[in-house]
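Note that the chains are named A, B, C, D and E in the order they appear, and that numbering of residues resets to 1 at the start of each chain.
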Amino acid sequence: MSLLELTNISKHFGGVRALHDIDMTVDQGEVVALIGDNGAGKSTLVKIVSGVESPDSGEIRVRGESARLVSPRAAAEAGIRTVFQDLSLCDNLDAVQNLFLGQERSGSVLTGRRIRRHVMEEQAQRILESLSVKLRSLHTPVVALSGGQRQGIAICRALISDPAVVILDEPTAALGVSQRGEVLDLIGRLREQGRGVVVISHDMKDVRHIADRVVVLRLGTKVAEFRRGEYTPSDLVSAMTGAHEEGGDL
Amino acid sequence: MSLLELTNISKHFGGVRALHDIDMTVDQGEVVALIGDNGAGKSTLVKIVSGVESPDSGEIRVRGESARLVSPRAAAEAGIRTVFQDLSLCDNLDAVQNLFLGQERSGSVLTGRRIRRHVMEEQAQRILESLSVKLRSLHTPVVALSGGQRQGIAICRALISDPAVVILDEPTAALGVSQRGEVLDLIGRLREQGRGVVVISHDMKDVRHIADRVVVLRLGTKVAEFRRGEYTPSDLVSAMTGAHEEGGDL
Amino acid sequence: MSVATETAARTPASRVIELAGRGHRSIPVLVVLAIIWAVFYSQSSAYLSFRNITNLTLQIATTAILALGVVFVLLVGEIDLSSAVLSGVCAAIAAGLAVNSGLPLPVAIAVAIASGMAITLIEALVITFGVPSLIVTLGGMVILQGLILVVLPPEFTVSVAGTSFAKIASTAVPAGTSYVLAALGTLAFALYKAYQYRERLSTGARTSPVSVVVPAALVAAVLFGGVYILTRQRGLPMPVLIVAVMLLIAWYFTTQTRYGIHLYAVGGDREAAQRAGIPVRRMVVYSFLILGACAAVAGMVDASRQLGVSVTSGAGPLMLNAIAAAVVGGTSLFGGRGSIWSAILGALVIGSISNGVQLLGLTTEVQYFATGSVLIIAVAVDVVLTRGSLWPGRRS
Amino acid sequence: MSVATETAARTPASRVIELAGRGHRSIPVLVVLAIIWAVFYSQSSAYLSFRNITNLTLQIATTAILALGVVFVLLVGEIDLSSAVLSGVCAAIAAGLAVNSGLPLPVAIAVAIASGMAITLIEALVITFGVPSLIVTLGGMVILQGLILVVLPPEFTVSVAGTSFAKIASTAVPAGTSYVLAALGTLAFALYKAYQYRERLSTGARTSPVSVVVPAALVAAVLFGGVYILTRQRGLPMPVLIVAVMLLIAWYFTTQTRYGIHLYAVGGDREAAQRAGIPVRRMVVYSFLILGACAAVAGMVDASRQLGVSVTSGAGPLMLNAIAAAVVGGTSLFGGRGSIWSAILGALVIGSISNGVQLLGLTTEVQYFATGSVLIIAVAVDVVLTRGSLWPGRRS
Amino acid sequence: DSDPSGTASGDGPKLVYFMAPNTTPTRYIQQDGPAFEKAIKALDPSVEVKFVNAGGDSNQQLAQANAAIAAGAKALVVVAADPNTSAGLLQQAEMANVPVIGYENPPVKGKLYAQVIFDPEKVGEQQATYFASQVAGGKLGAKPVKVARQYGNKGDVYTTQMLAGQNKVIEPLIQSGDIQVVCEDYIKDWAPDNATKATEQCLTKTQNGVGAFFGFYDGITAGIIAALKDKNLKTPVYGGQNPELTGLQYMLTGDQQDNVLKAFSVEADGAAKIALAAVKGEQPPADLVKDTIDNGAMQVPTAKLESTLIHLEDGKDPGDAVQKAVDLGIFTWAQICVGPAEGTETCKTRNK
């Protein structure tokens, strides 16, 4: 039984066919890479699985049961956490508040769910350090942070609630060399913990390195699926671009 | 005489020292890579040169003359165009409008500066094609575009006005494989045309490939500067992280 | 970093309208308007009489003109509370000069418009200095309430009945001339569209003659239809012509020129606009100058219809109605979204409701209930047609 | 994608204040307040008499309470125009029940608060359906203007002079009791701070006992100082106590609880908040419910001070004053920025201006000029101290 | 400088506040206030008069009263912003021992020293009586005369009282079928533009079938006349009062039939005398204050003033009627003879 199973997912935006009959599964302890050219529909697929967009048609099953992911909340309750491509941080909140947004460590209802800021700060410090994210202060609004710092926070956030499936939409795009390394390690650790991971990346080297399975989208359709070791770099590129002559410098 | 020359640039945000006594020059036909860990101050430096932030102290010279880049407009007039890390597109405008924003092709004052949309569309099509940016329609607001499509538009925008200095803050972060290749080619072409280019990137392979000179920032200070061929990959990493034992998988 | 995203599937109706409208945000408002008219007509057949339609257009003229100015300010992401009172001040200036001081009418009008623009210029400068526009225009409103006392003669009223000033609103363009104007308008529009078509052809862009014929036919229908209905009484009322000309100019500048793109850019993302080299401050100032001119014109049309100016000119619900008209028409309070058509369409919706409610002869309480709820329902219908599923992505 | 970025160097003054304030946005407003007081005091020594300060606090009570509710709505990025009239409706309900129907006062109060919340609940549901809040609350305002005619008895007024209802505002807590309350308040606050200090220590976070002593001393100074000044006349006026308790509760919930973070998240970036799993719609509804309760309390305090309810209750400048108070105090019209202190501080600024201007006995025109310009100047000073250089990054 | 005793004792200038309700109607800031000050100065130059204006807000007026008391006022002359919510003001004044003189629109349900008023019920009755006489005289054509009535803001005390006065006379005519009311509108905020709109809608509804308009005050009649002029209709308009400048001008042009003059100078004079008595701590002057009116809390000593109805007469110079307003000092011919009235015969002869 797969952790996550998509069947026949389609999505239109007005006249634009963003996704067409996509099938995809994610198993326990498996890293699935989702690749494709710009505008292929990767982020749209991610948004559907995270409850941000609803598909026009198709079915989503979580642990074998049909799930209606009508909102990000519903997806989170089904154990799916996502790092969005645009990060989706609240600019006016600080790093700690963003990290725990929607899953604050708080006291009982009697105290009106009083925030236990000290607990959160301590946990935040730990998790940020584990990804080498360096912040000068935990109290500045994230709008004042650098691109990489923001991405680091977005990634840490997805891990805080111990999710079953983690979806990462271009998680390393803005990261520095060492942070990038940490994230790749992290993905390995997530796999070892038996979670399902979906990674979107444009870096074919990373993809080959971490992915157990590669799903290729082109213009909204799934054009290929490869298992680890069963493809060459040029297979990926030709699947993505639809051209067989291009191999690139991979 | 350098195209662009920065001396002793410093910048604080409240208590955070973002930049400290930075010197940097960009010559004609030269590609300067600016590298550093997340939060090192790269984007802040770029914002200062683009007139978005003003430095606390220091001097900026353009073609040998002291310039006061008090606004993005002033920077543009001095021939400096920038692709910002956050892209800085107007979400409610479409691709063509964003591409030409502030430099529209328009009629005379007599017509109230009537927009010549057909000219702009045609030019837009050409320039987008040259970078392999594929849009389904030139009329959708850019908020509806994919991350890579947006980045492609932001890059094209910087080129439309024939600038002397082009600054690219992580220009390939969200790009697909082929678009990324085009951008690297483009940077080469810009150099051949005698322009100055500043590129920020976390990809050391790209940096080695395109940069004539590499400037390394760490915690707001310039810690090293290398000329093409005068450094090894591990030189870069150790300069960025301040640690000499790390070499990474470059 | 907020991005409009749908969290639920769109209604089929919205798709149809999207296809029909192709970006014409105005169509759902027109549908709403048609529903409102149908409902009131079913209650009272006098509602759609030529006489009442003429009443309606005259009743909404002031609101529409002021709303037009407000749209410009909303588009750049600011707000204004002072322009209604400003319209009273400008009317007092114009009427004082024309009637009490005996200056020629055009001079009086010019001075009033200049004064309106001067006052909004000051407001705009304070706003671009950094004071929130809500505060500046609220303070401005209070100051202007004082100013109108100063500008008015000691008896605090200027009566303009029977003077040349009264002609502003009471002049009626004869039917013949009106049809000629309509024909000229249609022709000019068709020629412009044809010119655009040629332009596009020259760059080899995909286009078709349909892009000339259909809009031109629409414009002809609206112009001739309008002239036919509105000349049934006494000829085309001057305020209608004023509104039409102002809309025409505003349409050209907001959709056909560089200025228009910058306006939307500043409202959409001020920081991004500035980074693109757009003079953001200057654009905000322009919007307020336009508002000042619109307020002056609105004030004079109103005074000329009311046959007088007094301290209550520009008071009452005018300000809120103008803002509401803009928002009902689809302009966002948060900047960057909307069009100048929202001014006239919103004013029509609001005016149609209050006109209809009054026609039915309900008791005061029921009038209040009907007015408020029809307004909300009208916008809710519009939301169902286009915007509903976008909450919470869109706010305004 | 708009990001606040400075385009010019900060003023040195702003640095000082930034350091002194460490995120306490309230300090510049306090400076502005001090300047206003100094200016008016130099014109009239009666301005800072105990009597006048007591007047002032009573005078602003209604505005402050309503502004508190408005702050909640602004924080989630919505706006409200109906709550002033709603306050009149709730006051009419309470007074009608307590005086005309003879219900026990607490029951009448409870029914009024429940009615206020029920009405804003309906508004909130329509808003979360997708209709812009400006339209819903404008329509709501019109409906409520009708409703107050229905709720009031046929003579359109309820007089509460000499009834238990009048006690709401006229009760004065004796000086002794007031000091005890101040002491209890200080103690509770100090204990809470000490508890937080212990908590932080337990996780090894950097902290120091100064974080307990300094705030506690400040609170003590404010409470005892306030009680000293306000009990000079007849004891501590009940409305002051009501405001204090409401602020206390609002402070706790907005800054110390999960609810508070979600409130700011929804206002800061609604889409991001929703993606984080926050029930955005529910948060908007909560804010409106709080507004409804605040409006009811404000209306009852007001009626009890004026000893009567009529159709004008909640009309007049109350609504705009409440919104302006929130904005003057530093709350953004665009959501996500501000604090509950802005309600009381903004109301104080506005009240101090209007109180001072009245005390000087200026002519009507000059009063208008003074009120409007002092308001703008006050916020401009605040801008110079903190926000000025941020234009155009920040908008509100 | 604090005054903990809470009473307005001590010396210093004798301060009297004239508290206007709003800038509309304009008479309080334009005419009554200045006339009051003039009258006070004539009687006792040592008394200082200050003016405030509540902007139509009871809460503001209460604050102003408190400020006035704090500033050491010896008496308050109050035109209530809303009489129904002014008891709080009276209570504050009573606690501070500052006498309050009600003026024209007096506060109710509290302690007043005295009040001067033109009884609104009486004004309404005067308007209606003249209107009834016109109906009876056949001036408005065959019965039933189709009448459109426009009242003030619904719920206002003044509206309620004037309407009661009007209805005393009008109701029987309706019963008898002499009058048929075809439209009835409460005019929000007494605003002329709302009156214009109500008129337009009424004309649409009845297809111009209105025999006469019967308004409530000059602002409303001005709004009615604006609508009629726009439609080139000559329907007679009744029911002016106050008066406003436009009301008198429209009488000269023959657009408005009548007006009820409330001589502010008489009222201000009376209020001045009463206020001085109050400042001195004496009883209200008995020659002036002859009546009492129950205001819900007490029997208030009242100076009831006589309002005068003027009206146009066939074949006579309208100037004859308007002359009374000039005689009472309400407006001068120079003020009246501008705008619409400028070209009338009356102005050519009387405005020299």
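Here is the rule we use: a residue touches a chain if its C-beta (ideal position, glycine included) is under 8 Å from a C-beta of that chain, and two chains touch if they have at least 3 such contacts.
Every value quoted in this text rests on a predicted model; they were computed, and no experiment measured them.
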Interface with the most contact pairs, given as the two chains involved: C-D
Chain whose mean Cα position lies farthest from chain D: B
Most widely separated chain from chain A, with each centre as the mean of CA atoms: E
Centroid distance [mean C-alpha coordinates] between chain E and chain D, Å: 37
CA centroid of chain B to CA centroid of chain D, Å: 46
Whole-Å separation of chain centres (CA-atom averages), chain B against chain E: 72
Rounded Å distance between chain A and chain B, as computed from the means of their C-alpha atoms: 27
Residue list for chain C, restricted to those that touch at least two other chains: 1, 3-5, 7, 145, 149, 269, 271-272, 274, 364
Touching two or more other chains - residues of chain B: 52, 71, 86, 88-89, 91
Junction residues of chain E, two or more chains touched: 23, 29, 154
In the complex with chain E, residue positions of chain C that touch it: 44, 46, 49, 51-52, 55, 58-59, 99-100, 145, 149, 154-163, 166, 169-170, 234, 302, 305-308, 310-312, 315-316, 354-355, 358-359, 361, 364
Partner chain C, residues of chain B touching it in the complex: 50, 52, 71-73, 76, 82, 84, 88-93, 97, 101-104, 106, 111-116, 118-119, 121-122, 139, 143, 157
Residue ranges of chain D touching chain C (in the complex, touch as defined): 1-5, 7, 77-79, 81, 126, 128-132, 134-136, 138-147, 149-150, 269-272, 274, 280-281, 284, 320, 323-324, 327-328, 333-335, 364-369, 371-373, 375-376, 379-380, 383, 387-393, 395-396
Sites on chain E touched by chain D in the complex: 1-4, 6, 20, 23, 29, 50-53, 55-60, 62-64, 66-72, 81-82, 84-91, 108-110, 153-157, 160, 296-297
Complex contact set, residues of chain C against chain B: 3-4, 23, 196, 199-200, 202-205, 252-253, 256-262, 264-265, 267-269, 271-279, 336-337
